[in-house]
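Listed below are the structures to be examined.
What follows is chain A paired twice: with chain B in the first complex and chain C in the second.
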Partner chain A sequence: MKGVRAGSRSPIFCGARRMEQSNRFWRTVLLAAPVAVFTVFVIWPLLSSFHYSFTNWNGFNREFDYVGFSNYAKIVTDKLFLNAAINTVIWMVAAILLPTLLGLGLALLIDSRVPGGTMFKSIFYLPICLSAVVVGQIWVWIYQPDWGLLNTVIGLVSGEEFRYPWLAKPDTALGSVIIAWAWQQTGLSMVIYLAGLTSIPEDLIEVCEIEGATAWQRIRMLIIPLLTPATVVVIALSVINSLKGFDILYIMTGGGPFHSSDTLAMHMYNESFKKYLMGYGSAISVVLFLIALTIIRIYFRQLRRVDEIYG
Partner chain B sequence: MVDAAAIDRPLRDFNPWPAVIVVCLVCLAVLFLAPTLGVLLSSVKTTRDIAFGELWTIPDTLFLGNFGEVIANPAVHRYILNTILVTVPATAASIALGVFAGYVFSKLPFRGSDVLFLILVSGMFFPPQVILIPLFRLFNTMGLIDTLWPIIIVHTALGIPICTLLMRNFFATVPNALREAAILEGANEWQVLMRVALPLSLPAIAVLATLQFTWIWNDFLWPLIFTNSDEKRTIMIGIVNLKGQYSVAWGVQGALSLIASIPTLIVFLFFQRYFIKGMTMGAVKG
Partner chain C sequence: MADLRLENVSKRFGDVQVINGVDFAAKHGEFVVFVGPSGCGKSTLLRLITGLEETGGGRIFIGGADVTGMKPSKRGVAMVFQSYALFPHMTVEDNIGFGLRLAKLPKEEIGRRVAEAARILQIEDLLERKPRQLSGGQRQRVAIGRSIIRDPKVFLFDEPLSNLDAALRVQMRLEIARLHKRLGATMIYVTHDQTEAMTLADRIVVINRGRIEQVGSPIDLYDHPANRFVSGFIGSPAMNFIDVNEHGPENCTSLGAGSASIELDGCQVAGATAIGIRPEHLELAGPEEGDFPATVEIIEKLGAESLVYLQFDGSDLPLTMRTSPEHPLCAGETVHVRFNKDRIHFFDRDGKILNRP
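The block that comes next holds the complex of A and B.
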């Protein structure tokens, strides 16, 4: 190394200062495009939403007036908003429970080293690669009153003709869409749980077996607690995805019948792009943003706690 | 009881559980496959058969007329072409930007880079409806509504969080010594990124390519908002539009859905490993 020093031009000799200069240059060059694109097309629109929520912009005219908090006042009295908020909560609770429990069950079954595990994994995961449009289409046919799979099966079991229009009745529309949604999301929870299961040491499970724990005890008292980090991820993903849930509702019910399957995302779309109340739509999107922000903050706090416990 | 079980160890060889589990899994697999199978079946049946309740049975003969009708429809060609024109550039651009940002965050960190990284990544969590209206107005003033540009741009921007996150995590596994050695050899940062770090990161790029391709191809919301003429629609909007045209032509709808899903199905079948890795990596680290 001493020999290098004699050659005064070597990069080492040029010192940390030039190195730091070069680093700063490349940082700027490399970050410029991503930061610029993200700022202009994500952060700026996000802040603008707050701005437009205080206006009465109609989507066509260049001009608009400032209307103060009246859009927010409207939210408080809007029965359809309340209805959409309640549906969003129902949607979220179901979107957490169904894919999480099903995904956990499937992961435990597949992880028990049965033959064909990889094939089963692929089958349960397949719906993830289908688009909401295609999934919606498939499930519309399952619920189809005249020849849909569900009514056909019920008809076969009960022995008499069954023609219930699942998606056209306010009582069952939302639930029917939730099932379709859960069908698609379960695979995602399953793979996350499978990834979590591989991190549980085999000998821990073997010790339990030797100590005489039954399979159920093993799952309940060892595996599920050890899967807590995976569960946190699965639940957070379910919540985030369910807040975004729009496409499949748009395809299957369009929020109907009689707004019985409206969610906040759907309501926001209808008010902005059907009724052209862009100001009011912006106010709804601000509320949606605040809800997402709250949930994400809770999630990160929980994540840190999990990290502390499980390292 | 416990003692008896311990003595009777050999009995464990007759463990019935694997068989029970396989039976359970097979039943669930059939339940899970049934919806997808429905689309497959509908595409090879005449609409008349479907209307008579024949959708859910295995057909004796394959009816290929639905595919013929879809393939002969010029609107479908345009939808597919538009989708390719959106998906390919947006996938490439979002990955490129993610590579640049991820490289800086992992190899050239600076004061405040953690905060900037968090801000970029947090974009992953928010419902897209939050930025819908301002983007609509922005592209409207730019005169870009009803072109493919807004869709490409927005997908690129919204891809930055996941691409940056995965690339940063992957670059972190590339040893710093490699970069230092290359710089001592006289390479500049760009050369290190392109010739050292990037060739090592092909698995991460494959993960991102499969994820982004699938999401953008399948997207429905952005083309719905930013385009309105039939000329500029993508395939997912096309399926919904053609529903009106073929109002009760279920067989044709099935064939169309299948054709629209083929690219993502191919990606899924061949790159499933990457796809699952991306979902879990992005999720677990998120």
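The block that comes next holds the complex of A and C.
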């Protein structure tokens, strides 16, 4: 048996080093897996979209020609693209504002200990657990002209039979889908705001009480400013979710009638997979990607500013 | 005139009776300190006065008007919280002017009054800062600023200094005393620290388990405590307590101290089960005049005085004695100690005082 001399490396030290090495190995392996998935399902499609946007590929044939920037030139003159862009702005503004404001309102109501608050909390949260497809189908039934819930209720209240095809009229199609969307998303922002409310110290509320703040003054001067971190999260999620909001439109209106509820995502889908203009569709998707990137960059820059204020 | 009167006020949380029939009146301009151990109900009592908690019974009067059941904002009280409760997103200026902004006073007037409060509290340079850019003492001043700006009838402080370090605590204590003198307002101050109570109060209210144990001036409570609780709570180091032997000799109080006993000749009170004696009423004596021998365990030299921790021979009875620092004592030494017999407090079985030393 060899004695361990003072100053020589202890066995413990060697063991630590071996463990360090095996840790590094596993760290690499575990990181490699998501990176690979991300490359195959995100980076690669992104790059190939970019590639196809310079071609006239129809999505089937092996051959295609390179057409330079003509797909992008077409975007500028495409009336339907402009229409879809406007709808996208409406959609995004509504899809961010409605769930945020409704979620805040519900959270404040539930937090003020209205009777049955806990029950309402669960009920409002429920739609988040459903997929957008299911939510879309539920609301298709609600809006159904002949026996849908909405028209039936209006009929009962007004006393006259009411038959309005909400989703089939250009004036109401987009708005109707936005309401269905808000119905689903509100629960999420409500829960985030409720969590934010619990982090507001009770004694600050009590100061408001002693100083004689009205409920509205308390909400405006204290609660909303202190909920800024929650609002940051809510809006980030709303932006990301609304950018992704394609499936519910697809289920409920498919962009119709007469493109009245077309968004850019819907327009891209129609051009690519209905008109088989894969090259043009790819160009739209590249533009959509750049828009999303810009919005998110602006948002994160604002976020840093909020951090500086509250940090 | 803004006096404060509590009539038989009580409060329970669930099954726990936290405040138990409190009767008390503070005169206009008086500085009253509620003192008691942690959890005795001081904060609850203060919150009942503010109106942050509803009373379970009894009535509260401020300036002669019955405010029981009134909203906090209508009572004319201001409260300074232990946590300061400053709004983190507002500047010092906005924090102090909060109440005036709620009342929608003109901007110039708010500015003028905030400046005045800031001047009194010497925080004029900090008005633009946010609370997190302030030290504990500065935050405390801002919290006080917010309370004085509305000119309340009664100020309520809930352990306002307990988050500060010792040196700052002494300084802020002085400033609060100065503020009281300057404003001449009725102030109710809650603390668990008897030193704070002794130094600040015109009158002290000692609370224990939701009941008032005794009300009086600091010196009154120190010299004439009504019971064993107050005796032990007021004064630092605390009063020494020794049990009285049931069967002692005639005309003599026999104190139990383990196997041995201390006989105090010519000094007896019927019904006493324990005595109390303050550390300064024990004194060193020669072997002849001493009442008992004891071993010096530890000496704390505080400069102006020394605290000597004694062990009575043959028992584990700990005693504290206050002496002048000139006595050349060292640990382990045996000394003879004499009671100042005029200053012995006698307590009955329930802890009530039997004499008036």
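The definition used in the following text is that the second predicted complex is superposed on the first by the 279 of 311 C-alpha atoms of A that agree within 3 Å, B and C clash if a C-alpha of one lies under 4 Å from a C-alpha of the other, contacts with A are read in each partner's own complex, and residues count from 1 in each chain.
As a working rule, contacts are C-beta pairs under 8 Å (C-beta built on N, C-alpha and C of every residue); 3 or more make two chains touch, one makes a residue touch a chain.
From a predicted model like this one, the values you see are computed outputs, not experimental measurements.
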* To do: Check the residue A:Glu206 against both partner chains and state whether it touches chain B (first), chain C (second), both, or neither.
  => second
* Should A:Ser48 be classified as contacting the first partner (chain B), the second (chain C), both, or neither? -> first
* To do: Would you check which partner chain A:Lys244 touches, where first means chain B only, second means chain C only, and both and neither mean what they say?
  => first
* Does the superposition put A:Ala84 against chain B (first), chain C (second), both, or neither? -> neither
* Please indicate which partner A:Ala182 is in contact with in the superposed arrangement: first for chain B, second for chain C, both, or neither. => neither
* Touching A:Leu226 in the superposition: chain B (first), chain C (second), both, neither? -> second
* Asked: Touch check for A:Leu277: first (chain B), second (chain C), both, or neither?
  -> neither
* Tell me which of chain B and chain C touches more residues of chain A. => B
* Please indicate which partner A:Ala265 is in contact with in the superposed arrangement: first for chain B, second for chain C, both, or neither. => first
* Which superposed partner A:Gln217 touches (first chain B, second chain C, both, neither) -> second
* Asked: Just which bits of chain A does chain B share with chain C as contact spots?
  -> 212
* Once bound in the complex, which stretches of chain B touch chain A? -> 2, 5-6, 17-18, 21-22, 24-25, 28-29, 32-36, 38-39, 42, 50-56, 97-98, 100-101, 103-104, 108, 110, 116, 119-120, 122-123, 125-138, 141, 153-154, 156-158, 160, 164, 183-184, 186, 188-190, 193, 214, 217-221, 224-225, 236, 239-240, 250, 253, 257, 260-261, 264-265, 267-268, 272, 275-276, 279-280, 283-284, 286
* **Residue numbers on chain A that touch chain B, as the complex places them** => 11-12, 22-24, 26-27, 29-31, 33-35, 37-38, 40-46, 48-49, 51-52, 57, 59, 62, 106, 109-110, 112, 114-116, 120, 122-135, 137-139, 141-142, 146-147, 149, 152, 183, 186, 188, 191-192, 195, 212, 215, 229-230, 233, 236-237, 240, 243-244, 246-247, 250-251, 265, 268-269, 272-273, 278, 281-282, 285-286, 288-289, 292, 296
* Asked: Contact residues on chain C for chain A in the complex?
  -> 50-52, 71-74, 77-79, 81, 83, 85, 87-89, 98-99, 101-103, 146, 150
* To do: Could you please specify the touching residues of chain A with respect to chain C in the complex?
  => 201, 203-204, 206-207, 209-214, 217, 221-222, 225-226, 228, 309-310
